[in-house]
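Chain naming follows the written order as A, B, C and D, and within any one chain the residues start at number 1.
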Amino acid sequence: MNILSLFVLIPLLMLAGLWASRTLNQTRGVMLAGSSALLILAIGLAVEYTNLRQGGATADMLFTDSVTWYEPLHIAYSTGVDGISVVMLLLSAIIMFTGTFASWRLKPMTKEYFLWFTLLALGVFGFFISTDLFTMFLFYETALIPMYLLIGVWGSGRKEYAAMKLTLMLMGGSAFLLIGILGIYYGAGATTMNILELASMSIPANIQHIFFPLVFLGFGVLGALFPFHTWSPDGHASAPTAVSMLHAGVLMKLGGYGCFRIAIWLMPEGAQEWSGLFLVLTTISVVYGALSAVVQTDLKYINAYSSVSHCGLVLFALLMMTRTACTGAILQMLSHGLMTALFFAVIGMIYGRTHTRDIRLLGGLMRIMPFLAVAYVIAGLANLGLPGLSGFVAEMTVFVGSFEHPDLFHRVCTIIATTSIVITAVYILRTVGRILYGTCKNPEFEKLTDATWDERTAVICLIACVAALGMAPYWASTIINESVAPVIERLACS
Amino acid sequence: MEYTLYILLLPLLSFLILALTGMKWTHRAAGLFATGLLAVAALLSWTAVADYLALAPDATGVRPELLPFCFEWLPFGHGLGINLGLLIDAPSVLMLGVISTVSLMVHIYSLGYMKGERGFQRYYAFLGLFSFAMMGLVVAPGVFQMYLFWELVGVSSYLLIGFYYTRPAAIAASKKAFIVTRFADLGFLIGILIYGYYLGTFDFRPDPAALAAGGMMLPWALGLMFVGGAGKSAMLPLHIWLPDAMEGPTPVSALIHAATMVVAGVYQVARLFPLFVTYAPEVLHAIAWVGALTALYAAIVACVQTDIKRVLAFSTISQIGFMMVALGVCTSTDPHTGGLGYMASLFHLTTHALFKALLFLGAGSVIHAVHSNEMSAMGRLAGRMPLTHITFLIACLAIAGIPPFSGFFSKDEILTACFRYSPTIGWTMTGIAALTAFYMFRLYCRIFWGKASQETEHAHESPAVMTLPLLILAALTCVMGWVPFGTFISADGTPYEIHLDMQVALTSIAFAVVAIALALTFYLNGHSTVPTRIEKACPKLHQAAYRRFYFDEMWQFVTHRIIFGCLSTPIAWFDRHVIDRFMDFMAWSANAAGEELQPLQNGRVQTYMILFLGGIVALTIILLLAAEGMF
Amino acid sequence: MELEIHVFHYLVVSTVMLFCGIYGFCTRKNLLAMLISVELMLNASNINFAVFNRYLFPGQLEGHFFSLFGIAIAAAETAVAIAIIINVYRNFNRVLTDDVSHMKG
Amino acid sequence: MMDLSLLDITFYATAAVIIVCSILAVTTGRIVRSATYLLFVLFGTGVIYSMLGYTYLGAVQLMVYAGGIVVLYIFSILLTRSSQTMRYRIGRGRLAAVLAATATGAVLVIFLLASQHFALVAIPQGVELPAREIGHAMIGSDKYQYVLPFEIVSVLLVACMIGAILIARRHK
């Protein structure tokens, strides 16, 4: 049995365990055990993968395995990971682990909440380990659907509206995606759905030109591509804390990952053909998201627009199609996943205490809840790209890589995109100044308490990861860079 | 010289320990711990200076560049990557010495100045972070490491300016400082990107082949990098953050906003100097003009400010202008012909760091005594605070360029370099030097002489822990000028014997003395009506200078009106009302179409039948017509 | 002795019958009357089967049997339909389509 | 004018009855009359079957339809007293739509039939389909023999019968 299948099996066992659990403590126990097991498994996989690579493994993907489950369409459950999937799995496991702690005290219907939560995680893990187009799509949908219930039931504010909007827009995206997948399948001669095999075939250029935008848009909706990003502010604002974390932290990464793994890898000529248009859109995303965030007054809206900007940078870098830029894109996915999860966790915790996210009503929290305030500042600094935290590493790789493209148009886009780091500073510092510094405006807030032990665990884990990636990026950068190579070679050939 | 690594690591350690566990420490223990670690770091840096100077120079007198520690931190591919390491050569080792000295003084001084403040441990943690970042910046072997630490000093500056985070002014100032410098850093970053792409490396010393290939883009790269430097070093028009940054604690102003961080821009240009001179001389001369303009502007504004820290801040801007001018007027790397300015600039950087830190710490001592920054709250403090008075006077004389204090020597070299380049700029700078003398003595008189005020009644000398650093810095200010600086540092590394150009020296001394005399007559006894009369004579000019020639208002306009008003607000509105509405409209139209079509599915078989029949009939007609060839 | 009637004439009869049935089905509101119309339609199609069988494929019996089974199924259908109608009447005291709309979604 | 044989006259008379009664069955205002007209139509159909030589089919038609079903109708009409509920108004637009659709449909179908140019085939009269043949075809299991449909229809009939009883039964 393949080690990768454990990533699907453990969540399945967790689901069974949650189903059987009777008390709150049992539920928490199952979640804790399961998410720790996944985290350990992900770390183990990362170590094993690095060892294999150092031992001279040169295949595009390692740990490959395949079981056909629907012969007529050649649909198989095929698994395999490269450096990109390894870091994404690690990211997902970390976010799931911390997300468990972030929703430790969630009420009501804790058990049901965790059931859906685990199902979402199952979809995410399955997506990252799969190398079969259809199976990937299957897991992708598995990850999307629980979102609706998690936001609709456990959310806050206009939750039904937000949940409906999010689900409909993402489903719209996946409709494109399905067409795109079928296009790839038939375009390549309808003999296999396995990405690795498809990558070695060539799809006719005219087919690529038709289906590349479909697949890219399909994943782009999830990656908050302008102008299909509007689910993000409402969705994030209404989602419960851990769901926001998992959604912004991992689910939005499915978009970038899919764009890279499916759209760009399998359809390099389509990518070359369409990169101009999409590059303009992503550049708009980057700057537009940041500028929108500047005037928002709801903490989660600020962060959601900031995510639009940062995820826009992921797609932007992918479209630059140089090796360094693509490495940067994956690093940015990793970094954004961690820091935005941290951000949402802290915002959720603050909201849980003050019951408002309006920055005009908040103030002076630094004195009342120093731990959360410091965590917020750290998340903010990571967001604006402070060296030593993850944001810097990712952004610099993206910019250096984008600048490698000698074309003037790409250069101009890069320079426009770099302005986002200034705008990011503006909205982060504005928020920090408003809500943390200054004096407390509401006497009610004086009585609030600082983070509890479970919240501290979640926040400290995330800060540690953000700092670790920021201070020692060598490992992640190297294994991603190696794994990006095949795609770039294919692009160069086209 | 591997131990130089510990010079960086010790402040970092101090930061990490205090940041993670600081709240559990007593104030005293935290302060002493941080000061102790920094003292060790300072000792190590002085050893490093001594060790480096002890290295045997080669035949031409050039000392080797050492790279005791270097590793690849983040690979980008294509041979590019961020290397972190320590580059030990004359400028960096000099900067290490200066930074650790001033930082140590500030650490000691703060034990007294910050006593009993809330967040004392946090304060020391941030000081540790800043010292680490600043030293990391100066030892950077490549431009990317410089940028990395450049951002880190920016953040520590932000944190320290906003140390009193309950004061709205401090919050606004910290935000402004960070955002303005960040904006400038954008230029730096783009410059780095161009540099890295065309030269294939981020090192300060690219190999000649790459230079030959990519040299034509260097003016752009260097010019954009200078934008970053101009932001950090408060050059016109990016200077606006520095006066506001005085909201931070005074020792912080001394360390960051006078002695070390604000000269990072100068250091950056000095680091890239060989490239500037060879490949982008026109950019270099533009820098000279920017520097001169800034120096003039700041000197004029400093003459009318009433907040003593603001006066010092503008004086800092003006002095950095001097350093920039000195670099900008260079025409070659040879100190004997056109490269004198390089040496002069770094010399002035060193002496300025010491006497400006002294001035700020002295001002801090005064503020500590009278609890106000305003000149009107001061006066006749000379008798009450003798040590502060004497050390402040020494610093004023130094900055005014009176021998034998250090400022005279370095400023003289700068003026010499300027006159060699062009007499215009030489005379301009001499004039600005005289203005400097005037406003510094205006400040001195208003604080220590003139009319007494209520607040001065209870003023008394600061504790020993605060006066000790003053005395040490004063002593350094007295002797620093006699150091044969040119033998250690010059643009191409060859030793250069400093010799005074008597003509330049005497002129500048004469100018300075006249200016000081004027200031003394105006302000010494506090009864002269000349200043008010001048003020009355040209109120508009005075008002404009007092309001700093409305630069803040311009920036306010740009940020609030243009960025907030014309970009962000419309974009946010557009997003909510156009794009989002469009998405909502799509959902709504699907829904509405459903509503419209719903009556068709009304459950009446008869309706279905009619529709069915109608459909069949229509289809048949169409098919018939098609068969007839009607379509 | 032979019958020399064109197939077309039969078909006209059945067509008219069919469209009468359709007309009745669409316009009647009484459930029983609707059922009567359905019978007309069924009958029309039965005639067609028989006629085509007889005229075009005289050697075979498919049309014949189709009509036969059609009649049988019509009988079954009528039985069930009338049972339902009676039940409806019992519950609503009406047999008009407009009144019996409780099952509508 | 072509001369008509008796058979022809019989056919056209039947056809006329069928057409007229069909129209009356769906237009009359009284449901009992409607059922009666239906009965005439069914009789007419039976006559046509017989003229085609399918006497057996004609007999079934008379027995099952005319004899069984129409009686069922009459009973249920009486049971539900629906003769009083035949007075209703139908929307003018709807009526027009139905009329137009049916008229056009009928015209179209007839036009289509007329344009098909069926060959004029004469069928022998008085030669009926032998009952033996029908019986063999009905219970044989070869090709063109229909035991399976027969059985299925039987089961269906039984099921319908039971269903009808169950549905119509008065619940206690």
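Convention: a residue touches a chain if its C-beta (ideal position, glycine included) is under 8 Å from a C-beta of that chain, and two chains touch if they have at least 3 such contacts.
On a predicted model such as this, the values are computed, not experimentally measured, just so you know.
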Which chains contact both chain B and chain D? C
Per the definition at the top, count C-beta pairs in contact and tell me whether C-D or A-B has more. C-D
Chain C-chain D separation of Cα centroids, rounded to whole Å: 6
Expressed in whole Å, how far the mean CA point of chain A lies from that of chain B is 36
Please tell me the distance, in whole Å, between the geometric centres of chain A and chain C computed from their C-alpha atoms. 63
Length of the line joining the C-alpha centres of chain A and chain D, rounded to whole Å: 69
Quick check on chain C: which residues sit in contact with 2+ other chains? 22, 26-27
By the touch definition above, chain B meets two or more other chains at residues 610, 613
Once you've mapped the touching chain pairs, tell me: line, ring, star, complete or other? other
Going by the contact rule at the top, pick out the chain A residues touching chain B in the complex. 164-165, 168-169, 227, 230-231, 234, 288, 291-292, 294-296, 323-324, 327, 364, 366-367, 381, 384-388, 392-393, 396-397, 399-401, 403-404, 414-415, 418-419, 421-422, 425-426, 429-430, 433, 436-439, 473-474, 477-478, 481
Chain B contacts chain D in the complex at 610, 613-614, 616-617, 620-621, 624
Interfacial residue positions of chain C with respect to chain D in the complex: 1-13, 15-24, 26-33, 35-37, 39-40, 43, 46-47, 50-51, 54-56, 58, 60-62, 64-65, 67-69, 71-80, 82-87, 89-90, 94-96
For the chain D and chain B complex, residues of the former touching the latter: 94, 97-98, 101-102, 104-105, 108, 112
Give the list of chain B residues in touch with chain C in this complex. 602-606, 609-610, 613
